[in-house]
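Scrolling down, you'll hit the structures one after another.
In the two complexes that follow, chain A is the common piece, with chain B as its partner first and chain C second.
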Partner chain A sequence: MKVVVLSGKGGTGKTLVSVNLAALTKESVYIDCDVEEPNGHLFFKPEDIHEEEIGIKIPIVSNEMCNGCRQCVNFCKFNALVYIKDKLIIFDDLCHSCGGCVMLCPENALTEKEKVIGKVEKGLWESVKVHTGILNTGEASGIPIIHNLLKDNKEIGGAMTFIDCPPGSACIVMDSIKDADYCILVAEPTLFGVHNLNMVYELVKLFEKPFGVVLNKCLEEENPAEKFCLNRKIKILGRIPFDNELGNLNSNGEIAVKKNEKYKQIFSNLLDSVIKEVQNETTTHSKR
Partner chain B sequence: MKQLLILSGKGGTGKTTIASAFIKLSNARAYADCDVDAPNLHLITGWDSEPDKSDYYGLPKADINTEKCIECDVCRQNCRFDAILAEEGYKVDPFACEGCGVCEYVCPVEAITLIPSIDGEWMLYSDDDKVFSTAQLKMGSGTSGMLVTEVKKQMRLASEDAEFAIIDGSPGIGCPVIASLSGVDMVLIVTEPSISGMSDMERIINTAIKFGTKIAVCINKYDIHIENTEKIEDFCKKQGLPFMGRIPFDFNAVKAINNGLTIVDIDCISGLACKAVYEKAMELFKEV
Partner chain C sequence: MKIAIPVDEKDKGASVCVSFGRAPYFFIYDTETKESSFIENSAAKNTGGAGVKAAQIIIDSKADALLTPRCGENAAEAIEAADIKIYKTQSMNAEENIDNFMNDKLSLLDEIHAGFHGHGGN
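Up next, the complex of A and B:
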């Protein structure tokens, strides 16, 4: 079962929620899809790490074979090829690796080379498999890394899997939630938090994914995120209080449920309500 | 026009809170929100008037004419983005399609065309002396970098005589961040003293260095972990990065934001500290 944790706004507690839920679940898998800024591994500090480089295909030109017809230049929608001073120049950073230029070159002057854009690290923390995607700095798109992380997960099979998403609602998040069985939206009680919660709320509705909300950083005061949920009859899965101790554990890269009985209770309750929700979903779906 | 960009790597460290305070304190005549994926700056910059709005067209997307399609499968076999779906007739997954045009090229019966696609909306607020450029990317779109470039261009066109501009950036280190870095004179990195904040700060600093941008650093919520705060200051010293100061955690900051105000609109400790950071940063910015 795949549970995807997302938020829209950054810094609301996606990693806190996904790391602690995975840590409470035996034989689970934690996948960090926030490949631009992966942080889950800072908490798990996994062991027995296996690294795999992730590459994309970039065209290279043989200048002897190129006759300057510019068909590739005219074809490329990303302006990654230019022909200047009798020479074809390729801008690797603009290339989307579609393979079009190589396919259509009448002189077969273009071939492809592999360009490494980042890596996937797979390790173990207790019985939790920890998979982390890491994009190299200066690279524009981590999507090939996310594809690798999720493709691999299809092979893992039945294990409970927690997917820690990047912030936002762009393509990179979309790819992460496509195969989700359930989505957890993490929200903080601020005007910004609610505005961005609304975005991911629209996103999970668009994809018709079952979902619930975790209210993080809860204070005594009125919670605009809670109000948002109540007005729309959105399931509230749990509440995590704002407190210094949790903040401190989190700042130190500690897994809260391993350090403190109180948080263990909070996240256990949260896990129970997630599992209950998912089971409900499966029964209502099979009845349909 | 000189441009100051606010970035953080990690989400939720306070980019928008600090950007909005800087805009207020400097009485900026030009500013922009480049977090097109989850924009929030418009929530606290107090514009009553409606913005000029315009559809933003990203790259076109493939469309299959099912009447012409002979279901030969060649398009699906050649698409590197898995964007061709072969279920009850061939169709294109608009979220996966990157608009490369390979399918259009390989189709033997000319059943595929690329059609324009609205990927978001840009908005320009303006009055006699101020311009605010912002945008909202459509959910699941993959062209955030292009929209960021558009937001900055619209701001420049509308405020040619403004001396400087303040730009709120997005979290991460990928495509939209790289697009926002292009052409700016200085980047102020807002970090927080947590393990995650520090790891993400190093990655965004490495990214900014690759693009040759002048870098300054400040710490928000510095008092949630004093030791880490000191570590960040040491890191800056060792790297030769100018340090702009510390801003404390402050419940009043949340209150200000939730009332649609900046932290320098009310009397609070974070607002005072932010003012000191602002003065130091602007001095450096003037010299760039």
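Up next, the complex of A and C:
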């Protein structure tokens, strides 16, 4: 079962929720898809790490074979190729490695070479498998790393998997939630938080994924995110209080459920309601 | 020689566009024949790599010099590979910059920015 944790902006509590839920679940898998700033590993400090480099294919040209027809230049939607003074020049950092130019070239002057854009680290914390995607600084897209992380997850089979998403609702998040069985949306109790919640709410609806909301940083006062959920009859899975103790544990890279009975209870209840929701979902929508 | 300038309108008195890659038009002036023309910048609405495509347009126009307030590094690399010199504009009016260029009053653009790559600037 794949549970994806997402939110419309960074710092809402995706990692807090996914790390603590994974830590409570024996033999689970935690996958950090926030490849631009992965930080789940700071809590798990996994051991026995295996690294794999992730590369993409980018074109190289043989200028002796190129006849200057410019089919590749005109085809590239990202303008990664220019033709200057009888020579084709390729801008590696603009290439999205679709391979179209190589397929089109009538002279077979274009071939592909591998370019490393980041890596995947796989380690272990207690019985939890910790997988981390890391994109090198300055690279255009982390999607190839996410594909690798989630492709591998198919081989893991039935293990309970928690996927920590990148913030927002762009392509990289869509790729992260594609195979999700359930989505947890983490929301902050502010108007800005509601705006961001709405972004991911629209996304999971578009993908027809079952979902529920975790209200994070809850205070005694009015919660606009809660109001948003009540108005739309969105399932509220749980509430995490806004308090110093949790803030301190989190800032020190500690897993809250391992350090404090109160938080263990909060996240256990959250896990129970997620599991209940997923089971409910599979019985009512078994054809999905 | 031919001079290219990114401009906001298809008009002789047009103002210089603050962006090179996303300028709607390029003003091309031939110093020998005194002829002027405008090229539409088909790169302006591209989501990515607009600077590089705009550079291709400038190169294909056979310009010898580009006058622009700024230029990204990918575009500059392409333009310099074509031996086109990039000069920094001094004022907003396109024709004024041509006059200044002819009188050797413009200096080479030495500040090449790293590009916006989809993060602002468009």
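Rule of thumb we're sticking to: the second predicted complex is superposed on the first by the 285 of 288 C-alpha atoms of A that agree within 3 Å, B and C clash if a C-alpha of one lies under 4 Å from a C-alpha of the other, contacts with A are read in each partner's own complex, and residues count from 1 in each chain.
We take it that contacts are C-beta pairs under 8 Å (C-beta built on N, C-alpha and C of every residue); 3 or more make two chains touch, one makes a residue touch a chain.
Small disclaimer: the values here were computed from a predicted structure and weren't measured.
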After the superposition on A, what does A:Glu52 contact: first (chain B), second (chain C), both or neither?
neither
Name the contact category of A:Pro167: first (chain B only), second (chain C only), both, or neither.
first
What is the contact status of A:Ala140 with respect to chain B (first) and chain C (second): first, second, both, or neither?
both
After superposition on the shared chain, which partner residues are touched by A:Leu104: those of chain B (first), chain C (second), both, or neither?
first
Answer with first, second, both or neither: which of chain B and chain C does A:Asn79 touch in the superposed model?
second
Please work out whether A:Asp243 is in contact with chain B alone, chain C alone, both, or neither, and reply first, second, both or neither.
neither
Comparing chain B and chain C in the superposed model, the one touching more of chain A is B
Looking at the overlay, does A:Glu114 come into contact with chain B only (first), chain C only (second), both, or neither?
neither
Just chain B (first), just chain C (second), both, or neither: which does A:Lys9 touch?
first
Does any part of chain A touch chain B in one structure and chain C in the other, and if so which residues?
77-78, 140
Flag every residue of chain C that touches chain A in the complex, lowest number first.
43, 46-50, 52-53, 55-56, 59, 74, 77-78, 81-83, 117
Chain A contacts chain C in the complex at 73, 76-80, 82-85, 87, 89, 91, 93-94, 140
Enumerate the contact residues on chain A facing chain B in the complex.
8-12, 15, 36-37, 39, 42-43, 75, 77-78, 96-100, 103-104, 135, 137-143, 166-174, 188-192, 195-196, 199, 202-203, 206, 219, 224, 244, 247-248, 250-253
Note which residues of chain B are touching chain A in the complex, please.
9-13, 16, 37-38, 40, 43-44, 59-60, 78, 80-81, 95, 98-102, 105-106, 137, 139-142, 144-145, 170-175, 177-178, 193-196, 199-200, 203, 206-207, 210-211, 224-225, 228, 251, 254, 257-258, 260
